[in-house]
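Take a look at the following structure, please.
Note that the chains are named A, B, C and D in the order they appear, and that numbering of residues resets to 1 at the start of each chain.
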Amino acid sequence: MTIESLVWFIPLPPLLAFFIIILITNRWKRASHVIAIGAAMLSWLASMAIYWYANQVEHLGEHPISSSIPWLPIGDTWLTVGVQIDPLAAVTLFFVAWTVLMIFIYSVGYHNYGQPKGDHDRPGIPPHGATISDVQGHMHKVPSIEPMYSRFFAFIGLFAFGMYLLVISDNLLTLFIGWEIMGLCSYLLIGFWYAKLSARAAMIKAFLTTRVGDVFMLLGIAYLYSVTGTLNYRDILHNPEVLHELGTTASGFLGLSVAGLVGLLLFIGAVGKSAQWPLHVWLPDAMEGPTPVSAMIHAATMVSAGVYLTLRIFPLLATGMEHGHLTPTMQVVAFIGAFTALFAATIAIAQNDIKRVLAYSTISQLGFMFAAIGIGAYIAAAFHLVMHAFFKALLFLGSGSVIHGVEHGVFHTGENVDPQDMFNMGGLRKKMPITFITFLIGGLALAGFPLITAGFWSKDEIFADAFGHNHTAVFITLALAALLTAYYTMRQITLTFLGEPRSKAADHASENVWTMTVPLIILAIFSLVLGWVGIPEDFPVVGNIIPNYAHEFVGETLLVEPKPVTFNFVPLITSIVVSLGGLGLGWLVYRKTKAGAADPQERVLGAVYTLLQNKYYFDELYDFLFVRPAYWVAEKFSYLWMDRKIIDGFLNWIAHLTSLIGNFLRNFIDMPIINGFGDWIGESTKKLSAILRPIQTGRIQQYMILALVTVAGFTALFYYLLVYGR
Amino acid sequence: MSDPITSIGNWIENLLVSLGTSPGLTVLILTALGVLVVISFVLVLDILLVWVERKIVARFQDRLGPNRVGPFGLIQPIADVIKLIIKEDTIPAGADKVVFNLAPVIALVAVLLIWAVVPFTPTLVGADISVGVLYIVAVGGIGTVAIIMAGWASNNKFALLGAFRTVAQIVSYEIPLVIALLVPVLLARTMSVQGIVANQEIWYIVTAPVAAAILLISGIAEIGRTPFDLLEAESEIVAGFHIEYSGMKFGLFYAGELLHALTIGALFSTLFLGGWRGPFVDQFPILGIFYLFIKAFFVYFLIMWIRYTLPRIRIDHMLNFNWKFLTPLAIVVLMITAITDKLLENVSGFGYTVIMLGVNILIVWITLIILRSYSSREREKVGEPRPVANVDVSNTAPGEGTPSTSSTG
Amino acid sequence: MVPISWYLIFAAALFCIGLFGVLARKNAIAILMGIELMLNAVNINLVAFWRYGTPRDISGQAFAVMVFAVAAAEVAVGLALFISVYRRRRTVAADEIDLLKW
Amino acid sequence: MTIDQILFILVAAATLGAALLVVTSRNLIHAALWLIVSLFGISIFYVFLNAGFLAVVQVVVYIGAIAILMIFAIMLTRRVADTPGPRFNSNWIWAVLISVVLFGTISWIISSWPGINGTKPGLVEAFDPVQKLGVALVSPEAYVIPFELASVLLLAALIGAIIVAWERE
């Protein structure tokens, strides 16, 4: 099988797994997860093979692995769909494959496979735990298996299919298809425990918010197709004529060029998907779903998809960019990115829910990437995307592990505490060491701890680019955001793992099964070592040990390979200072937090703290701006006035008229004439049948005799006619 | 002089022809004579069987058995017969006299009829009809009719029940019997019993042991001996279909049963043990009779062994055993034998035998594996603990409320 | 030497007896017996024609075998029907099973 | 009057007599037993006609299976099996009439058939009807389709009988 067909093969296993589980094994938990993980494993193998092969190819950027088939006839041409692996797709494939596989394996343990069925678990609510009696007859409360276990694996299977499709596709259309599939899956998975009101609200919120972005994105795609007549990456993004054409013609909208407008529209789609301000509101609520889902959405797949798309269309954004001077669209991107980075970081410092903190950190990290793209730091963005995928997946899975452990404690003690609130935790480093170590690694990576962690290198590169192309505003904003990032990361780690347990549940927390810990370890390793592939050559000391693989490999994707910025100490110092400073600050503030004590920030920040804790009241704002008016319109205008008065009134009038006519017809035509005739027919039939009835005696032998006599008579007749007749 | 019986036959024929009887009549007379000879021979043998049976059962039960009348009690059966004859012959009230009296006769005749196709020597066989095997089955059917006649005519609940049981058993066990019979037919390419024997250079018990086993088992069931003697389970239905019979009528049933056992033996040895085959039989065909009866008695002994060793099984077990095990196995054996035989069309005698034997062993092995898994499943189904009485009734559906009454397994 | 006509006449007589049974008997099972007789008469005819016509080709016997199969099936179903009728209505008299009466 | 003619007449008389008793005897069990007798006679006819296979199959199928089944059914419906009362239904006159007329017609037609006095063509030696029948039943250009159909029919009848006679509580 050729390498191209192998590419085609990548997304298929998860899809098949989805159908098999849904249709066949949905009652059979073991088979379900075996199938799902097997599928993930296959895709992983294929992806790794592709990745390895892609690394062998010289100038992959010019000659990507691609093949395509005609799909839809449009007029006289065919709309072709195909697959294409260029460096960007290759690296994306790399981290998607790894994280997806890890998450699949993790989910087995997370949903308590092998535990007894719950006492009164119902589908649609998280398992409440089961009561088992051991040999001495002691009753124990233990976690119980998820009632909709198979369903979950089916969904994430479909989700993985969507992501793979999006990554390998060679045109915006199939990318959009994968995009929407993921939208659906996130909807289904956020609302996985659909019996929880909050989950329902969250799923709808996520769906609608992303839909806003998707509408613009679809507009952009349609516009692009109308002007270029194709959606293929190669045809648009890889030939200078088209790019220049697009870049120079004005769209007549805000003075943007066509390229700029299309880029902007697509970017809005990415904003929706990647939860950038102002469409960020859905992501924190998406924490209602099971933690593997959070990891899936916030690290491996969905949010990355937004960045991936923006990276894809980078040539569109960048066309007409003389060196240093940004196009308006890129300015928008840079602004949104930088702003979101800071904005989300500020919110994150005031959250107590362990997963929400991570959610906001995700938003802010994505902000970093967008900012990087905005300032043209293509490679840095891609690099940070990969790194972030790994350590954020690690962090989410780690937090899930923490929650799981604390839940175990809750079951054990029967104490009624929220297992997600960091203020109920503490001291978990002794209880769950593996989780602690891995989480610590992830946290440090997120905070950009110097030299040893992956996050440091990627972030440092972003800083370097921002500084090197002297976009000072962006640089400062990102620096602040990085500081806050380090701060809340440390806050989280301290509250969760360090210090003394702040609740009996936390005291009784326990380490989880290997299916949950092994993925953590693997991801942790990646979050440590992977950064070293992106060390700039001219970095002091370690610079020349490893070639700057990320730069060489990913850089090929573009037509004109961006040259690395010359090394400068300012950004390096900055990133080291902010990370270490933030970490230290976080530790200082939270190192001795007592049980039930209020958050120390409250004293310092005061009202601002409340503001932050309520996320700048964005939900309320949107509620006021959009939701209420929508309700109002629906209630007052559409329902009462339009429906009731106008439409119903008209209909009632028609109905009245019709009934009048009907009555007339009935009284003067139907009853006398037609019915009379009908009745007469019926009556006469009755009389006739009354005469003929006695023949049917119901005695089979009489029937036979009758039949035989008749036959005999006919035989005689025919015999007479045929033999004597002649 | 190597084949006395045939020569005697020829002599009588010549005599008749010389006396001037028409050829058709001659054939008729000869046939009648032959039938007479065979029947009387077999019946005398039957009287001997009574003694054999009683002696052997005595040995099995660690007794001496009849030893008063005559040497080793050899005259005992004669005494029994006399007793049976002089016993009062009762006919129950409300019985259907004709049928009642007819039943035992038919029962015995049905057994005797089988001997018509049993070949005694290469040259001596009652009627070498081309569908001999099928004939055997057919005659078995007549025996069934006799039993049901007896059961119905006795106008007695137990008799009727016994008849029902018997017929159910016999009719169902006829199926594996017939299929097992088909295996030798397949191997010998003929339905004529004589032909089957003639084709057995290697006894078919070597080439088709599984079929032989099936035939033996279902044969025992056919004659209704332990472990299949539900038709006369004393503990349940007093004596089964012949509860009302006394005197010689009962004697006929009794003789019929004994003889049937021996007949099954003869059949088995004919179909699977090479019938009259044995050393020197080609020179002296008369030896065939002895060989045949030696083998037949051996099988008869086997049957008795089983009878006096095994307990009686329950009726549902009996039927399950037939329908769920014996019949499918028989069908499988028949098919596999046919296929293998077709595949081995041009394989020499020895290799053929070896492969056939191997195939049979394979079948047995697989069957055992299946049985083991089944039995283990059964065991755990039986072994699983019954739900305790104090289950949480709140979330159990009504009906499974008091599970202690519902016995598992 | 028996001429074929004997067989044919015999078969016809058997057939008519069976027919009479079918038409006249009260008990449904007796009616089945009549049907069996009729079928056998037909079989006799088939085999006789085979034997006297062209014994080389076996069609006559083949048809007879088919008739056997059909007869067996018919009896099985018929008796099952009568048993269930008996369960419901406590009778197997053909002229009392007249639910299809007007 | 050769010997096989005598045999023929004897057997035919027995068979017809038994058949008459079948349709007339008051006690159904007797009817069934008589049925067995007459079926046995018919199998003897098969023997006369050199159809040994059919003869034996006749005994197996009819006596071994069908008759037994009938007796079973009779015993299961015993309450009405030996009730006194008319054994014929109201219009048995018609039945007699039709039967007699039919018999007359058939015999008349037979007598007017040219090949009435046809005699058996001699069977050549080494001609095994059983083998030939077996081949014919499974050879595609002969009767394999009807054969399979018959087997399917039997299976259907089996299942149908079980379903119909099933006692549902």
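Note that in this section a residue touches a chain if its C-beta (ideal position, glycine included) is under 8 Å from a C-beta of that chain, and two chains touch if they have at least 3 such contacts.
Bear in mind the structure is a predicted one, so any value in this text is a computation, not a measurement.
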Query raised in the report: Relative to the centroid of every protein C-alpha atom displayed, which chain's own C-alpha centroid is closest?
Result: A
Query raised in the report: With chain centres defined as C-alpha means, what is the inter-centre distance between chain A and chain C in Å?
Result: 75
**Report entry** Centroid distance [mean C-alpha coordinates] between chain D and chain C, Å
**Finding:** 6
**Report entry** Whole-Å gap between the CA centroids of chain B and chain D
**Finding:** 28
Query - Rounded Å distance, chain B centre to chain C centre (Cα mean) - result: 32
Query - Where chain D touches two or more other chains at once, by residue number - result: 2, 4, 53, 57, 65, 72, 89, 91, 94-95, 98, 102
Report summary line: Multi-partner residues in chain C (2 or more other chains touched) are 23-24, 94-95
Report summary line: By the touch definition above, chain B meets two or more other chains at residues none
Query raised in the report: How is the touch graph of the chains shaped: line, ring, star, complete or other?
Result: other
Query raised in the report: Which part of chain A faces chain C closely enough to touch in the complex?
Result: 693-694, 696-701, 704-705, 708
Query raised in the report: Which positions of chain D touch chain C when the two form their complex?
Result: 2, 4-5, 8, 12, 15-16, 19-20, 22-23, 28, 31-32, 35, 38-39, 42, 45-46, 48-51, 53-54, 57-58, 61-62, 65-66, 69-70, 72-74, 76-77, 79-81, 86-92, 94-96, 98-100, 102-103, 106-107, 110-111, 115-121, 123, 127, 129, 132-133, 136-137, 142-143, 146-147, 150-151, 153-154, 156-158, 160-162, 164-165, 167
Query raised in the report: What does chain C use to touch chain A in their complex?
Result: 22-24, 31, 94-95, 97-102
Query raised in the report: Any idea which chain C residues touch chain D in the complex?
Result: 1-10, 12-21, 23-27, 29-30, 32-34, 36-37, 40, 43-44, 47-48, 50-53, 55, 57-59, 61-62, 64-66, 68-77, 79-84, 86-87, 90-95
Requested in this report: State the interface residues of chain D toward chain A in the complex, per the touch definition above.
Outcome: 89, 91, 94-95, 98, 101-102
